[in-house]
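Each of the next two complexes has chain A plus one more chain, namely chain B in the first and chain C in the second.
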Partner chain A sequence: MRSVSQRKGSSAAALFGIAGVVAVMVGVLSIAQGVRKTMDGSAVDENAIVLRSGADSEMMSGLAGDDTRIIAEAPGIARNGDGALASPELFVIINLPMRSTGTDANVPLRGVQGQATAVRDSFQLVAGRMFEWGLNEVIVGTGAQEEFAGLEIGSSIEVGQDNWPVVGAFSARGGIAESEIWVDAAVLQPAFRRGNSFQSVAVKLESPQAYDEFKNSLTSDPRLNVKPQREAEYYASQSRTVYNMITGLGTLIAVIMGLGAVFGALNTMYTAVSSRTREIATLRALGFHSTPVIISVLSESLVLAFAGGLIGAGLAWLAFDGFRAATLNWSSFSAITFAFDVNADLLAQGIIFALLIGLAGGLFPAIRAARQPVAQALREL
Partner chain B sequence: MKYLYLIFSSLRRKKLRTGLTILSIMVAFVLFGYLTAIRQAFVAGVEVAGADRLIVRHKVSLVQLLPQSYESRIEQIKGVENAAHATWFGGIYQEPRNFFAQMPMVPEEIFSMFPEYVISDEHQAEFLATRSGAIAGRGIVERFGWKVGDRIPIQATIWGKKDGGRTWEFDLVGIYDGAEKGTDTSQFFFRYDFFDETRAFGQGQVGWYTVKVSDPDRAAEIAAAIDAEFANSPQETKAEPEGAFVQGFANQIGNIGFIIMSIMTAVFFTILLVAGNTMAYTVRERISELAVLKALGFTDRGVLSLVLGESLSLTAVGGVIGLILAWLLVSMGDPTQGSFPVFYIPTRDLLTGVFLIAAMAFVAGIIPAIQAQRLQIADALRR
Partner chain C sequence: MTADDADGILVRVGQVDKEFKRGSEVVHVLGGLDLEIPNGEFLALMGPSGSGKSTLLNLIGGLDRPSEGSVEVGGQRVDQLSARKLATWRARHVGLVFQFYNLMPVLNAQKNVELPLLLTRLSRSERKKRASLALDIVGLSHRAGHYPRQLSGGEQQRTGIARAIVTDPTLLLCDEPTGDLDRKSGDEVLDLLQALNKEQGKTIIMVTHDNHAANRASRILYLNKGQLSIDPVD
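Presenting the complex of A and B:
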């Protein structure tokens, strides 16, 4: 091991090579983790969402006002002083410029009713005040406020010929609602010519176990043609496309780069072995078995790889964790804002990947070192 | 020429190391090629967007519809040649992951508005004669193995039918090819008249207009005139050049260019370390040999070019093989199984790749080369 310091240049090249690979891998995958965390963070076990059957997202769904009343009467829904915890909602998008580029994004605009905040316990007003029911006022999620221009409290958004003032900002424990703008559904319906129709009903059930009863009563009701889903299920399906795409690409890039790093590590280790040929041969001539030789070479490469992995993962964590961005949720055609998420799993994955590179890069040189005929090796140089 | 043999023999000296270095350089260029193809998939739309076309949509959002009656009003505006409307159908073919764009349009308007969609006269005539007919791009036809005459069922997500059904069936009567490499051949067009009479609601409403202007230099002015025409109406419009519209859409997905550039920088930095390290070693090991060469009368400059030449041959072999491999990989299809409208390495980026090979060879080789150049014969031989 001590011989590492004699080959600083070569070892540093291998180390930083591996660090680079791990940083890129962790960085890219943290985008996918961030999107998933935003989506999953929105899900609560006892919550469910009801869409028209055949609809994959709120955007495509449509429910008549009468249907939403029938849904709110279904068994299993929790109640509070104001009645059943069911919130019929409208979901549309409006164009607002992104701060980063100035070009338009499809920002989700949600029309809600009184129980919306009771259904979502994560909802918390962080600035300003709640909008007045019946008035053209909106509140905005903190994520949306950060990514899109013109959503400060006191400014207003243009909807058709009206200007709707922004009166408050809310957070939702990092969930997807933070990307949204909320307004009274009764105000949104006429503005978007939706009559008395909605797109989804969000409900809070008495308990996660009440879901089956709730679901059965809705699907067997001849008056309805709806699809209830647990929130977790719904959000998982919403993030699947983006998650799979980024994870797939990230893995592909990491594997290809990893190959490059393996070649680099092999080079370093072969060089290390060849410059120590005589030393190793002497050790073996003295009676050392080939196993310690293998172990010494392998452990050198693993230590290099581990250090590289740590540096890479650390760099990625420093550079990317919490970095905020927006992307398009393909299934609902609307923007979601999220934070890159470099979590412990990813860091561990990065370091394991580095160790694999180290193993691959050290194994063959180690075997070669062990197999070298002693006499010939001693004669060399 | 006399150096070639020397370069070649020094590369052969440590075959394994040479091979490994070439492989790692190759990997960098495979990634380079592959990532440029991905970037291209996102920006191709901007590059092939017609400079003489505008997109006119509802001001509030793309999902809001515009009256079909706007078409004749737009066409009366000075500077507008003609307008074509389209609507997002958003249906599902078999399963949601088989995503592609479907749009009802007026057949004649497709032919005149988009010269980059090459459709044979025979297919055009068939499309005009078949109410339930559809024309699909070469890309998706190949993706799903369709052929002309097939009946294609598509599940509506937005547009239910009057009879309450949600399955629309279309007869594939034609295939369009792209006039350019970057043309999107993943779209599916069907007839607006069939759509309008079959859909359950929204009659007379369309998604957006594509407008051809007579003078691209006046595009901004004409866009403003269109918006002014519908200002203060219940459906105000936002008109912008097609390129800006596509760019805005790509921006929503994320800053793809920036992400890819960052990855590429990390990759090249990594590989540069590996290649530079190899070159440094090669020189250090051969100090006495280089000194002998100098003693034999090789000039300082000659030794410098010898080392640089070695570095160049290493990167050139690795880089060229890498670019070829990337090209092969890319022509095998895109990683999303067809969600990208186009997937190829643009010629411009291949040239960038060649430039990068030269740049990398220089950066990796220059320091060892200078060391070799400065070598004092006496000192070096004594070591």
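Presenting the complex of A and C:
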């Protein structure tokens, strides 16, 4: 290892090559982690969502007003002074320009009823005020406010022929609701000619254990044709497509770049072995077996790779962790805002990937070093 | 390691052939060579470049294998040992001295000398003690903490000799030990080898081009066209 200082140039090239690969890999995968965290962060154990049977997302669902009333009467739903904690909701998409690119994005506009904030524990008004029920006013999630233009309090959004003023901003502990704009469902229904229909009912149950009773009651009711799901299941299925797509893409990029880095490491280690031919041959002439020689070359390669992995993971963490962006939720065709999430698992994955590059880059030079005929290698200058 | 029979022969080379392949060409370096070296001898091997001196030395030291024939050292057929056993045998019984010293540039003299002892079960303090003793024998105790780049050529070679004798081997194989040194440093190295031979009974085989160096040996053999003779090559 101590002889690394004699080959600063090639060692640094391999080290930073590996660091770059790890930084890109961790950076890309942190997008998928961020999306999943946003979705998972939205789920509460005792919460459930009810869609029309056969619908995979709110966009594809449709529930009549009467259906939502029957759902709200189901057993197991928690209650407060205003009644059952069930919120029939409408979900439509409007176009708003992204702040970063100026291009239009599909932004979710959710029509809610009075119990919506009670169903979602995470809801917190952070600026302005709640919209007035019955008025064309909206409140916006903090994620949407950061990513899309024209959502400052006091400005207004164009919905059909009307302009709806933004009167408040809310947070939802980083959950998916922060990507949305909320309005009174009773205002949204006529604006989008939905009559008295909704798309989902969000409910808070008395406890997570109450779910089975709640579900059985709805699925066995002949008046209803609905699909209840725990929030965790629903959001997991919502994030699966985008998570798998980004993870697949990230892995592909990492593997392609990783191959390049393996060649860099190979080159460095072949140079190292070549420049140490006589040293290695001397050690073997003195009586050292091949194994310590292999270990010596491999450990040098692995230490370089580990250092590269640490630097790459560190850079990714510094550059990407918490960086906010928006992407398309392929299930609802609407944008979700999220923060890149460079977590401990991802950092560990990055470092393991770096070590694999180091192993692949060091193995063949190590074998070559161990197999060189001693007498011949001793003659090399 | 002891001499292999009553007549005190330590090294017995029998009918050794050695061929090398250079592309499609086969080069015969040694052909049917016989040699016996008694225990405690200081033998100088001379001969023109490419005559096979170093090759013979490598065969005796188990660094290479003969194409045909046998190499026996201290009763052990070294040409029949596996690579792993050969490495262990070398570490125990052979001390190697190289023309260009072959010291590890990142280790100081003390650590360079200690290197072969890493293959033994000696404690760290015992290793240190023995390395210091070996450096003392070659007169370099005061340079123990210096790195090879801080030592003169003569000092580096004496460090190389200390490394070769630190495990107390019976056989010292020296490949052009003075080839890279000026006359004065070369003489110091030869004085040292002679002392090791006379005072400590080390058997020494030295390959050299230099008559002055060869004259320090108790016997000189000349190698030419793969054969040994006692007469100088014309």
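Of note:
The criterion applied here is as follows: the second predicted complex is superposed on the first by the 381 of 381 C-alpha atoms of A that agree within 3 Å, B and C clash if a C-alpha of one lies under 4 Å from a C-alpha of the other, contacts with A are read in each partner's own complex, and residues count from 1 in each chain.
Following the convention adopted for this analysis, a contact is a pair of C-beta atoms (placed from the backbone, for glycine too) under 8 Å apart; a residue touches a chain by one contact, two chains touch by 3 or more.
Note that this is a predicted model, so its numbers are computed, not measured.
Applying the stated clash criterion after superposition on chain A shows that chain B and chain C can sit side by side.
Looking at the shared chain after the overlay, A:S290 reaches chain C, while chain B stays out of its contact range.
In the superposition on chain A, contact is made by A:V21 with chain B only, not with chain C.
When both complexes are overlaid on chain A, the residue A:A375 reaches chain C alone and has no touch with chain B. Of the two partner chains placed by superposition, only chain C is touched by A:T282; chain B is not. When the two complexes are superposed, the chain touching more residues of chain A, out of chain B and chain C, is B. When the two complexes are laid over each other on chain A, the CA centres of chain B and chain C sit 90 degrees apart as seen from the CA centre of chain A, to the nearest 10. Looking at the shared chain after the overlay, A:W133 reaches neither chain B nor chain C.
Closest CA pair between chain B and chain C after superposition: 14 Å apart. The part of chain A that touches chain B in the complex is made up of residues 9-10, 12-14, 16-17, 20-21, 23-24, 27-28, 54-56, 59-60, 92-95, 98, 100-101, 103-106, 158-161, 192, 241, 245, 248-249, 252-253, 256-257, 259-261, 263-264, 266-268, 270-271, 325-328, 330-331, 333, 335.
If you check the complex, the residues on chain A that touch chain C are 2-3, 6, 278-279, 282-290, 373-375, 378-379, 381.
Interface residues of chain B, counted against chain A in their complex, comprise 16-17, 20-21, 23-24, 27-28, 30-31, 34-35, 38, 59-64, 90, 92, 96-97, 99, 155, 157-158, 166, 232, 234, 236, 238, 244, 247-248, 251-255, 259, 262-263, 266-267, 269-271, 273-274, 276-278, 280-281, 335-336, 339. Residues 54-55, 58, 61, 63-64, 83-84, 87-92, 96, 98, 100, 102, 104-106, 115-116, 119, 163 of chain C touch chain A in their complex.
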